[in-house]
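Following this line, the structures themselves.
Here come two complexes built around chain A, the first alongside chain B, the second alongside chain C.
Let's look at the complex of A and B:
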């Protein structure tokens, strides 16, 4: 037994150092991706200028989610797929596919950090407590801002890795970006016409990104029902699902059932958080 | 005689699949008229990405040295554009049936322009690579979505005809794009955009 422990310790250290080296390599490849660079520049530019003219109707800027989340998803999708042609060579190395996938998931930290920077920069124009956020309490405003400006910048790139691992179609990331963009627009519309309706709220929240208020003519601010805190949990659960789905590809042996079980748990947690986001929290209000 | 084999080798699942997705997205816009402008713009963008896959040729290294020239090959493959054009026409007919207040002539022009843009960029890229669909669809989608995503572009250019838009009208834009696309397609199929090959010594 002593011999086994002695052998496994250097193995674990080796595994960790391999993972760190892989993650560092993927990070280096990711940060020079032109799509990511464009997304970072556009996000920082929109966050550093007052976008009230365009987005005040919804109080919070959707640009970090669009650029760092959406474009970040395309960048990680292409990063993941870029190794596809080398698979016959890479596939015979001693590093398993889930480890390589986990190293790819680490790159999502770059858009996440940029999302945090965007949030801090945007607070310069609309600080917490500003009337543009409506009747939400200050902690809830923080939850809304984090859910709209930070978490999508993590989830988008993770979704890109999962998509790259499972889908071979080269235009998949672009199509998914267009579908999510269209879905958010479509799902928000019923809340505009029926803000008290529970199905309308459920439709709006069944999305990786949701709006919480709308200012008609930028005067009458309407807040929508739901719990921004539980919605934040739902978003994080979606991130976990994306990681687990990505890791499931190529996993074999005892790892596969473990990832499978974790995926079921994540799906269950996501379901519970989604129900709570709908059932608990603020109700619809109309203020001036 | 050559038509069927050339057509059979095309990337039909991508062209047809994207056209079907576009019908679903655009159909949602027709069903919910308040979101029609946004969803039809996305649907037309999807149709442009479908057109970008029309020229994909996995066996390009073999096909490119056969006696069938690029003009004939491109002409035959252009038949694949019938899928996105039909999908767009179905959406427009459904919109008209539902009573959407859209300028239909300008919308038809936008549909033709979107599809032609995807195809023309694919034609140009086909002179460099056998499977231009993937990168071209991404580039075309980002270009077409730019007015919706980027506020400073949206205030200057419209890619979809709608009454509340400012700046350059979509019809002016699409007539210009169509002219440029026809020129680009003509130049690419006649071999003027092919890379220079080194002369044998």
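Let's look at the complex of A and C:
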């Protein structure tokens, strides 16, 4: 142990470079998370085979949403909570909690990129225009694919950060994953039995993930009502809400009301997009 | 970073309540560069006071200014944090971090964005606390004393103008404590070091000034030597506990050390220590008088 001293506070504070360095550090911690690694391996593995049964039933593979979205949510939740015990030290540093939260949100880019890779691999087996996508136009098929295979891989991890900031229960991410998984399946059921029902469609779309078609006996394809484009907007609005809710934790001074206002706007936009997703697009069930 | 406009900490009429419990009441303090010891029994409000100074808590009443900046104003609070090193009473460490990794992470949060200078600073503070050989060791596999030194290392980052240390020597071996005193004494030439501890010998060895807290109020604030002088002529050795003593305890030689509120004649007086003076001060309190013969 030596007693050498050098008065050496950092010379100049550059918020952007500090944020970039912090985000890079969180990224490095995130990519070695075993849960994320498992999710990435499983997603790529499922995307590397044609997954015929699942795809023929629902037109699009739900596995990227399950693994990269769901397990990605658990990984970001644990990443967010990992510094909780060190909060007495971390909480009195000049980097505020919202900035630290924003750096954590950046890590969602990893599962998002993996989701994009899964989409590209999936298109290898089922290109746009394939019969499995039913009667939707080709641009709408793109919206469905992005909404089912890419956006959940962004939203899940962002939700994990928000959950980690606000909920102390260690198993919260697992519970939420099971709740969302259960809800998506439960909310899809009325559309299977009452495909023309508007309430059934609303129930199905009131979710961060929704199916748009189903093939009975893998032959009789039915496509469900609603607008995949506006649903995509609704999903992105949910992502924004997750980020803003996460950022709200620990925000003080003038930042807090700004985040609060942005949150209200995001909620309003999400509401409008949800209504439009139900009201516009295919208004009746198409059977093939 | 702007230059500091003051090198002191001032508290005026500061109080802090947790529900119906008043942890601190009417605290007035001015702290200048040097080592200031904070003594007091458990529950006296020491940790609450340190958390206030470390910006981890807001006062319920009164004003706290650190280096001329107001704790209540968020932007000024950030400025304070840029000049602050804080060692809390308990620090939890994230799973999988090495000593270097943890201190490096905290350095990043203290705005050391440039990797080369940050790594050099992290190595410097780990060297200061005697962990230069254990930088790659996972914290979870370290001993309690080593973990404490990792926590201390992060507080020393940047040799901050304000250093708040809550029981820094807990679990640290005697040799390291002595070296740590040297490090803190060096820092205190230009910085305000506030040190809360139950180790009176640390305060006696390191501090010019001591603040004694009891039940959220300042019981004594002044030079260590003055507090010790108060006990002159009131500490003596005897073969048995003296009924007149406020506190008596058996020493290693088998004789009893007696400390009394009133000076005694015709006994074998010994040089009082800070511990004697502290016990005497505590013994003055109407309902905190320890039982005679109790090992305090």
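Convention: the second predicted complex is superposed on the first by the 267 of 288 C-alpha atoms of A that agree within 3 Å, B and C clash if a C-alpha of one lies under 4 Å from a C-alpha of the other, contacts with A are read in each partner's own complex, and residues count from 1 in each chain.
The rule is simple: a residue touches a chain if its C-beta (ideal position, glycine included) is under 8 Å from a C-beta of that chain, and two chains touch if they have at least 3 such contacts.
The shown structure was predicted, so the numbers you read here are calculated from the model rather than taken from an experiment.
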First (chain B), second (chain C), both or neither touched by A:169: first
Partner chain in contact with A:178 - chain B first, chain C second, else both or neither: first
Greater residue coverage of chain A in the superposed arrangement, chain B or chain C: C
First, second, both or neither for A:25, with chain B first and chain C second: second
Touching partner for A:130 - first (chain B), second (chain C), both, neither: neither
Touching residues (chain side chain C, partner chain A) in the complex: 1, 54-56, 73-75, 78, 81-84, 86, 88, 90-95, 102, 105-106, 108-115, 117, 121, 124, 127-130, 151, 154, 158-160, 176, 179-180, 182-183, 186-187, 190
Interfacial residue positions of chain A with respect to chain B in the complex: 42, 46, 51, 53-55, 66, 74, 169-171, 173-175, 177-179, 181-182, 185-186, 189, 192-193
For the chain B and chain A complex, residues of the former touching the latter: 14, 18, 21, 25, 28-29, 32, 34-35, 38-39, 42, 45-46, 49, 52-53, 131, 133-135, 137-138, 141-142, 145, 148-151
Chain A to chain C touching residues, read off their complex: 1-14, 17-18, 20-22, 25, 82-96, 100, 252-255
